[in-house]
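As written, the chains take the letters A, B, C and D, and residue 1 is the first residue of each chain.
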Amino acid sequence: MRIGILTSGGDCPGLNAVIRGAVLKGIQINGQEFVGFRDGWRGVVEDDLVPLGRKDIQGISKQGGTILGTSRTNPFEGEKGGVDNIAAMMERRGIDAIVAIGGEGTLAAAKRLTDAGLKIVGVPKTVDNDLGATDYTFGFDTAVQIAVDAMDRLRTTGESHSRCMVAEVMGRHVGWIALHSGMAAGAHAILIPEQATSIEQLAEWVKSAYDRGRAPLVVVAEGFVPDHENDAHSERGLDAFGRPRLGGIGERLAPMIEEATGIETRATTLGHIQRGGTPSAYDRVLATRLGMAASDSVNEGRWGRMVALRGTDIVHVSFEEALGSLKVVPQERYDEAAILFG
Amino acid sequence: MRIGILTSGGDCPGLNAVIRGAVLKGIQINGQEFVGFRDGWRGVVEDDLVPLGRKDIQGISKQGGTILGTSRTNPFEGEKGGVDNIAAMMERRGIDAIVAIGGEGTLAAAKRLTDAGLKIVGVPKTVDNDLGATDYTFGFDTAVQIAVDAMDRLRTTGESHSRCMVAEVMGRHVGWIALHSGMAAGAHAILIPEQATSIEQLAEWVKSAYDRGRAPLVVVAEGFVPDHENDAHSERGLDAFGRPRLGGIGERLAPMIEEATGIETRATTLGHIQRGGTPSAYDRVLATRLGMAASDSVNEGRWGRMVALRGTDIVHVSFEEALGSLKVVPQERYDEAAILFG
Amino acid sequence: MRIGILTSGGDCPGLNAVIRGAVLKGIQINGQEFVGFRDGWRGVVEDDLVPLGRKDIQGISKQGGTILGTSRTNPFEGEKGGVDNIAAMMERRGIDAIVAIGGEGTLAAAKRLTDAGLKIVGVPKTVDNDLGATDYTFGFDTAVQIAVDAMDRLRTTGESHSRCMVAEVMGRHVGWIALHSGMAAGAHAILIPEQATSIEQLAEWVKSAYDRGRAPLVVVAEGFVPDHENDAHSERGLDAFGRPRLGGIGERLAPMIEEATGIETRATTLGHIQRGGTPSAYDRVLATRLGMAASDSVNEGRWGRMVALRGTDIVHVSFEEALGSLKVVPQERYDEAAILFG
Amino acid sequence: MRIGILTSGGDCPGLNAVIRGAVLKGIQINGQEFVGFRDGWRGVVEDDLVPLGRKDIQGISKQGGTILGTSRTNPFEGEKGGVDNIAAMMERRGIDAIVAIGGEGTLAAAKRLTDAGLKIVGVPKTVDNDLGATDYTFGFDTAVQIAVDAMDRLRTTGESHSRCMVAEVMGRHVGWIALHSGMAAGAHAILIPEQATSIEQLAEWVKSAYDRGRAPLVVVAEGFVPDHENDAHSERGLDAFGRPRLGGIGERLAPMIEEATGIETRATTLGHIQRGGTPSAYDRVLATRLGMAASDSVNEGRWGRMVALRGTDIVHVSFEEALGSLKVVPQERYDEAAILFG
């Protein structure tokens, strides 16, 4: 069988380990051969392929990013997109099946293509860990570790200056990275999109930590929205003066905390360093196992299904199940973490 | 309720996070107070206690080792040991229950004491991840990460000299650390106690990697025993000349590989660096959650039970279940990893 | 002799190693005893002291920040400040001499106090490495290493998305951190305050790297000012619309690069993580040696002098010499680095 | 001009940065072109060359090891070795000059070849930092940092078990790595080849640290020889029973310390991890600058000279000067470090 692999959406530590796992298992056990689509769906619709042999994947599992490149191209848009064109390209290229490594959008597209008769299996990819039907997604552990390393550094500078330090981490829609990195770093407050925390509550946490002689550490997910920004202006991304709001939530929170507590506060936005570079050992193992399982999925003709982690096992779940809903931080997990604040 | 906490056996990254989690949850939610026994069961039988208040646990979750100290003391030995003495000490000190953080031996002792009527809950601790009834134990992830960082370094020196590099990791009875670190580092051979690999097979793996232009990386668990050492001499820890065998399995394997393949081979024994220092973010989160759950176990009177990880949940299992059997590497997990060798 | 130590200004990795080095050398060799002033000059003018014995400095050299705390208090301001008050406090407290660890401002203050007859020796502290009369200052190596680790991560995400990545590092007045981290990370452009680089030149570097198939990496010091911001508006910190300019230079450069090159560009501001956390081995050794030398300076009565690094030797230089001028990046060092851009 | 580059002897972090620096400077400024000899002098005598263009050196400065490979081949041995054969090969290949990156042996060979009329410039390479005429050699900083990271881990396990931990680091003939890593890690004893420390003195240091409530950390260079091994047996590498001595000095010291102090002692040999993997930022900058300077040396016809670091400058020194003598740890530097033991 001839398989095309693609990596789509934002890059994520572990993508190369998935590719390596799939190719090694496929070549040596499942009698498969592989090609790579360049830059995700762009390579599919533009027929941009690279060979993917054993040599090409040597030693890549510790490399960050993706050797295939990635993009946010929508496979149904443009004159070269759509089911028929993709089917024709696969026919022309002699590609029997596609292994699509990507997030919500990619899996949704994969579902549409599968429903239309194409042979596709999925590998879930989201550094935010916000996908249901899998305990964890690769890349998440690395992102959390990078954030915690940074927070360990922020604490010593905070303590030396008796400052409150705010660390903004990834998480547009869910707070998993903030929750885990905050718990690991001993944060005195964790703000996530799932929880509408008031500035008053935040100020109370910060003050009580400060009064205990600690340099308060506040961890905030980029997608957190403070009450008072929940208004027409904010929805349009405008500030109080009606001008485009600049800076992330971390930078906007710092002055609010300073005003509400009188404690000097500084913000740091970790940004892209959370998703690049060498994956953690945990992510390399998980990603490698998922890649190998994806090769098996093709071998067994499990079209329309993605591989996932359940406990210590790799399982297969339907795209429907996977796409069912965003995996948010449950109330009990947040409450559990909140006990450590006070 | 007044609770005594102890950490017993070999140290393990995350012990302090367990202590912090238990104390914070206990003080703030469960109305408990805490004391610490110094050096595990030694502190119990010798009545050596330290106060364990909120101040004492500030910022310790990122510290390696254990602030309480540890030892391999057996609580049933010595004139001050045994159920009655321990019960009397608890009575005298007004200690209602004990949270015992330790491995197989500690949990077995805890079981005997519980069966005798004492109030004890357990927290599993084994850097080797060899305990049943829990998906993972804290400390394991850190050990694997440290091993992988070292292997990433060994590879570049191996490649520069076209050498085979042997890395000996922890794992006296099971190969979990070797399996995960080897998978993550892209090892060309992984040797674990559960698998009787012949030197011929090993040489074949090494040669085939070498012939593909790679610098072979061999990961071996300290407990692996090569066929030819499975004899009377070896059982008594003697070498072929009947003299005490010196050096670990890694150092003993290197010359065997060199002789069998003609490829220059060097061994490195990672040793104690695998179990010390700052825990990984994964271990800090897991250990903190286990500690909090232990405080709840006491609150709910779950005597004779230990906390454990199942998927993403913290559950409670009986000591019986936990002590049932050593969690070895299953054949399918080894076969999965072996696909990556060739 | 009784010595008071203070750490002043922004925190810097290695401060604790200086303190430890001075106290150990002083207690064991020079027959000195020590106290610490809390929060730099604030502790001096407010008579806020802590004992500084052998126990207090155990194991602190690997801790980031400063155990004494720091502030930006000016010792000549306020009713409790000034030479006479400080002299009186020293008299009252039986303090014979002060070891002042700080930057330009602190050393200038120390000079004034020394000129007025107080016994003070200095230890240079600037993470920016912008102080003359010393080859390097402690903290600089750590900051550069942290920046490089972050850039290594940014590169893989840039390469996966074919993006230009901009990394903003510390350096308000000089570009040493940008120069060294950029050279180490293989940057395609380095922008520093000492060099008036045009957006056209920057765009050319970025495009040529992109055309060679690289994901361009731009390293910019926070103090770099683009030509077109060199106007009345900018001097007042206003943007083109006359409103307060928000965001650092990195964030402001990204859209300029994108517009000038058509290449998608993302910025990351490393911020406070560069100055916190465990010092590098290099900085621990340098800071420890400087601290020990400071104890000797007091012993030898070298008032009005600071310790410094020359080659591999620790030397003593007068405050005058040290304060002579800001150590900027020489043209030849920038040209040397620029060869690596193209 | 056409230049051949070679890397010889043990690998060392930074070798690739030297290669990259030389090639980039040479191609862009000095109008040079490059080829690489594979595996050091072996490639020279066996005429084994690889092209070394701009593409070949992209992104290699953060890679450990050497992309050219290395060996311990002596260029004067074998029928294909010697001045005439090498001169003929250079003639045949159109190679005008050689940049030899290596240690004492390589530079000595380079000197002989230069004396015989060949055009060679050198770049000093020794992870042990034992070469005179340069303040530091690249690779040393990385090795020290790796050792210190490991020691930071060993300390927490030592403290948890109240054990003495012995860390064996590189340094066959000199103790620079032991001295710097020991100072940075806060070692209670440092044993180096330059200093004949008695077991009694060592035991005293260990006990005094233990009595102060510390877990003693002993750092020993692999080349240190205890008094009682200074006998005929030892010189022949035999143990007291006349059998081949197995294990490094660290493993041999542990039982001696345990016997002399009664303190449980464990040894760890860091071994090859000290010389592999990503170079530190310091070493990347130093190595890059040395490589660029080597290209200039060729351009300026500085045959028989090597590039070196003096303070913050790159200078040129003759092979004679460089080969003059082994750079040992001076007594005052050891005494300085010893103050921190007690």
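As a convention for this text, a residue touches a chain if its C-beta (ideal position, glycine included) is under 8 Å from a C-beta of that chain, and two chains touch if they have at least 3 such contacts.
As the structure is a computational prediction, the values presented were derived from the model and not from experiment.
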item	value
Reference chain B; chain at largest CA-centroid distance	C
Cα-centroid distance, chain A relative to chain C, in whole angstrom	35
Centroid distance [mean C-alpha coordinates] between chain D and chain A, Å	41
Chain centre separation (chain C, chain D; CA means) in Å	30
Sites on chain C at which at least two other chains make contact	152, 155
All touching chain pairs, where touch follows the definition stated at the start	A-B, A-C, B-D, C-D
Chain D-facing residues of chain B, complex	7, 10-11, 15, 39, 63-66, 69-71, 146, 149-150, 152-162, 165, 243, 246-247, 266-273, 275-277
Interface residues, chain B side, partner chain A - complex	21, 24-25, 28-29, 54, 58-59, 61-62, 135-136, 141, 144-145, 147-148, 152, 155, 180-181, 183-186, 212, 214, 278, 280-282, 284-285, 288-289, 292, 310-312, 336, 339-340, 342
